[in-house]
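Here come two complexes built around subunit A, the first alongside subunit B, the second alongside subunit C.
Coming up: the complex of A and B.
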């Protein structure tokens, strides 16, 4: 008798489970892409795209646009748009137009996504060179491409795998904004009528505003400095001719260059303070594979020369990169972390304006290259 | 004759009983509350908290060794006399009952924030109360077995946090003692409450079959808790920036949230669902102690009817009360005070009193 009673009570709970949070797939609009832009009058434009599953519908995706008079208003609308936002939980990509990022700290607009537990923190943060409207329209015309959410996600993910850009998700962006010793960076896209492509990395200053970009050649260098290249062996190439070669390489000489892939990397940073100026001594040890050598260069004879040239080349590249950072007063690498860890007293004086202190710092590179192999050719 | 022979527990049940009582809310909030006081030196404070907990645990066992057949509730009237003893029992019932209720409300609150924002809280509460009732009414031995079960069924959750290490910034931990010892010592007061749970040895000791292993058992339990806390704290410290970690109410869950598998998102929902099992094993011991206390207070043998009353009252009032974040904070603060009072101050004072009391009694007997 008692057991039946208990059983009945328990089974009655079957009907109540999750009644308030129930969501039917038919009624849900899964927002895969969220775009933030400014119109001509400086008002905020919020774009969304969600896939349409209905077979009768001609379009495979539903793209929406709302204007908001102020930031606050837009946030209210983000919450209130009943059709567009019930299921932002599957968000894959957040697009922010460069125009907006130059004027407003995008982080302020995204607060809502962090606060509500339902929202994902794995969406990719992407800066778009151009208007979001244009991107949406262009993508819709591309008949051979999947829905925009999947399409953009694939582009960004393969871009990261190919060392073309940084992998910054909402969670990491939050970290970069709050960490005093680093300035934010994110993926950058551009588009035309036929294709959407990654153009590198966008960099933000300490106020959170867009300041400059790294192109496809500079981005791998940044990735090396933040140690995110471990399994992806970035390649570098530069023209090389040997002194000892007879210089009769013919016409082909100009087309050939020295190419190498970085396989293994070790990095060590020493920090000291001299006369109030931070001095970073960065020693990088890399193991490389040569993947292309100009035909008129004899590897065995010029081994040392090649090694030296590569070291010089990398050093030059890194120094130029750092110069660029310092000119813009940004520190996307996070040298501030080293400063805090090893020179805490000095760091405390400058921690609230670290990028400024970084722009006056001195950074020395010491690069040690080991040529692991030169391929199957002699 | 042994009073509690029917309900004897083994040493491993004793260990897991205490260990699983200690591990609960602390895992979710401790990284933040220690970082608020001591930055990334907070892990040093945990070491101090650990030694403090060990010390108090040993005091408790020392006291109980003198009266191996009595639980605290038998002992208090013996030592203090009937009426003052009863007053202390009421205090203990209040403390453990309050802990059980606060933990229940916090669990429901977390579930509401993270998983079911729209579902009425009393439904979650009722569903949660069913297993809690079924285990609590069955007595110490079943709870001990449940503790073992909880340990093994939730073992897989520990390595999940290692996912966080792929974005680790180990430099966050340096320099050690960046602001000196003072903030570290201030943060110790925040680390003692997560160790609360060892004081239930006051109740458990007479049930323990092999009394010689009590020392060893309670040290192992505290050490397991300590290692787990260190593990969680270090991972959260290296994952979040020192300034960022204070932004999250439950930093541990935010790490889990960032786990992304190709076929699965929002990993923290799975984690939290299983974490409710762990949380239930912190609530059950406190609820049991409260019910056990009231049954002793009224001189009744069985605590079952008291468990029923407690559960009934909680279930009834949960219809009218929905947990609110701000309330949770103040309720938690009072729980901290009570925990420090009954878990740390009481054993020391009581231990001192008992030692003096037995010395005087022995002298009187020999005189």
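Coming up: the complex of A and C.
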């Protein structure tokens, strides 16, 4: 009898404790998109969007904005507006307006997301060219698109698959901010009333402020340098005409271009220091498939010429890219990591201002192209 | 209320059980009239006892008694009564040579006679002889041997046990025609005198395990045992266990297979199933069909069953935990569709889940006990309840219907009915604990079940074997079934005394 009594009391404890952090899914307001912007007076604007599950509601998503002193402070205010409890656990995309990123280091605002363990580390960091308010409004008008969270996630993911942008999520962004040998980069979006599209990659300087962007043609080059193209083959096109071609086409054949896709890549960086200047020797070995050759060019005859042209083209492109980096004193590739690995003594002297040292460094490209395939057509 | 009308109790010649016991212990009288008087006292109000007085050809009085319905009438008439009445050369010394029946016993005391009468024997008294002859004339109504409904196979044998113990033993013996297949018989139950036949193969079974089983059977002191399930509860190791510790099967070939692995089978007279012990947890996921199919197919199906085990126990709990606590683990597009279907449901997930699971269990139970034509109606009504109607009425969500259906199907592919019901039961505490504590609760629940699981024993042998204690050699016939030629040894889980099972001269695998 006493045992039974004791058992009953113990089992009643089972029901009074626990379930404190329980929140049924339909009661939560899942913040899928978080937007950070500045208003005209320079105050922080926090935008959120969460899906609405109720069938009675006409709108499928709930978009809110509030002015706040910090992200955490905004949560309190958003909570007051919200139907459900805001939950950031499924955050997909963090939008930061270019205007804000030019003035404030966005990392400082994201502090809250890193500190709470339940928050996700794989939300995509995206810079928006324009105001977040405008983006939200434009998206809401798009009838043929899914909810903004899913829509933006799909755009960014396909962008990364298609070599249009870098894949930077909260965790990687954190790494890039804290690592001395690299400067942050992120996806860049722009929008108009009909569509939202990826425009390339945003680059930040060592203070975390937005400095410049890479367009859709430059981004694949960056991806090659950071070896993130392994499963997808980036394609490059440039105008080409052969010296030994019959000349039938004559001039005005600008649309005759040569396109190739990089299939396999091997990259090696050698670092040396000469007179206090870092010298990086990049040797890149690529296997390519030719996907487009001008019709008047005979591949068999001009094989060597084509190979050389491609090598020259790539070298030129890479050099221009590096020049752009050096002018802006940024190092999104992470040459600093190589410098630290191979020239630690020298690195120690410059580690606190690596982008400056990088801007004075010399980078040589040695590109070796192997044409593996020229298509099924003869 | 008026009390029962007081009746004058019939005067009983035998006042109490003690008096009867005294008579039962006493020998027969040589005077047939005294015997008749005693019979009338002992078998009062038992109208199906037939007492046939007749004259032997020698002129002496004789009496044949038997229970109507328990004997084979033809046999009594043709092979007992007719020769006794017609034979000219009869004397009480050569009774056995006159009666053309296989088994005749000479009895001296009433007790044995009483026991044998109820067992279908005919008892012959002859005036002037202080003995009785018990003639085996058993013959009671029997069901035909047919395929067991709960354990049908595709390629295996289609014979099942019936309610007669003797036939069941014979069915097993047809598979193991070996002198080493021994049988120990016990009579259990003071009133029912149920005959238990303990079958084992003497040079395979571990003597300690056998002794343990015998001890437990001998300790039973009960009025009646009517079926195998009752016996199982009386001899199992842990009465509070979450899993069945011994297997009941209706298949003679399955029984033979277990005997050959060094296990023990108990056949209960009057019950169409054999009890097999000691068992291990994983043996409940094996069927006879596994061995008649090729090993690749059998292995796949076994893995499917173990997968189904985890689904049946954990899926509703995992669903509840993930939508109440850990929505982060759901992919975003699924999250939205779950949210949309949950939004219309007014109940918390646990109520929703309990509603559906209980409806399903009720339907299963209703369908089980009802005759087939009514059972169909249950199916149709159930299809409406656990289906679109419940969703459209906004009582449950779409996803919950899917979860419950998958759980139900998973629990139905567990081949053993006992195990399947225990698994179905186990998922309710898991659902409860996941509502309260989420995934942490589920993990703790799994830990508790695991701790319980490894501590279980079946007849003193570890139940968790070959998983815990780890016995890698037994894994050849565990989650996957190795080809028969690779299983040279018997499983050591049953503590068999003779390990070697085969010594094939044929080449192994693809060796030439």
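Simple rule for what comes next: the second predicted complex is superposed on the first by the 339 of 378 C-alpha atoms of A that agree within 3 Å, B and C clash if a C-alpha of one lies under 4 Å from a C-alpha of the other, contacts with A are read in each partner's own complex, and residues count from 1 in each chain.
Here is the rule we go by: contacts are C-beta pairs under 8 Å (C-beta built on N, C-alpha and C of every residue); 3 or more make two chains touch, one makes a residue touch a chain.
It should be emphasised that the depicted structure is a prediction, and the values quoted were computed from it without experimental measurement.
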item	value
First (subunit B), second (subunit C), both or neither touched by A:338	first
Partner chain in contact with A:172 - subunit B first, subunit C second, else both or neither	first
Which superposed partner A:89 touches (first subunit B, second subunit C, both, neither)	both
Touched partner set for A:10, first subunit B, second subunit C, both or neither	first
Touched partner set for A:47, first subunit B, second subunit C, both or neither	neither
Which superposed partner A:117 touches (first subunit B, second subunit C, both, neither)	first
Touching partner for A:99 - first (subunit B), second (subunit C), both, neither	neither
Set intersection of subunit A contacts, subunit C complex versus subunit B complex	18-19, 21, 89-90, 118, 120
Residues of subunit A touching subunit C in the complex	14-15, 18-19, 21-26, 28, 30, 32, 51, 53-55, 87, 89-90, 92, 118, 120, 147, 149-150, 153
Touch list for subunit C against partner subunit A, complex	323-325, 327-328, 330, 332-333, 335-336, 338-340, 342-345, 348-349, 435-438, 441
Subunit B-touching residues of subunit A, taken from the complex the two chains share	10, 13, 16-21, 89-90, 117-118, 120-122, 169, 171-172, 174-175, 178-180, 334, 337-338, 340-342, 344
Of all residues in subunit B, those that touch subunit A in their complex	113-120, 123, 126-127, 130, 167, 169, 171-172, 174-175, 178, 240-241, 243-244, 247, 254, 257-258, 260, 265-266
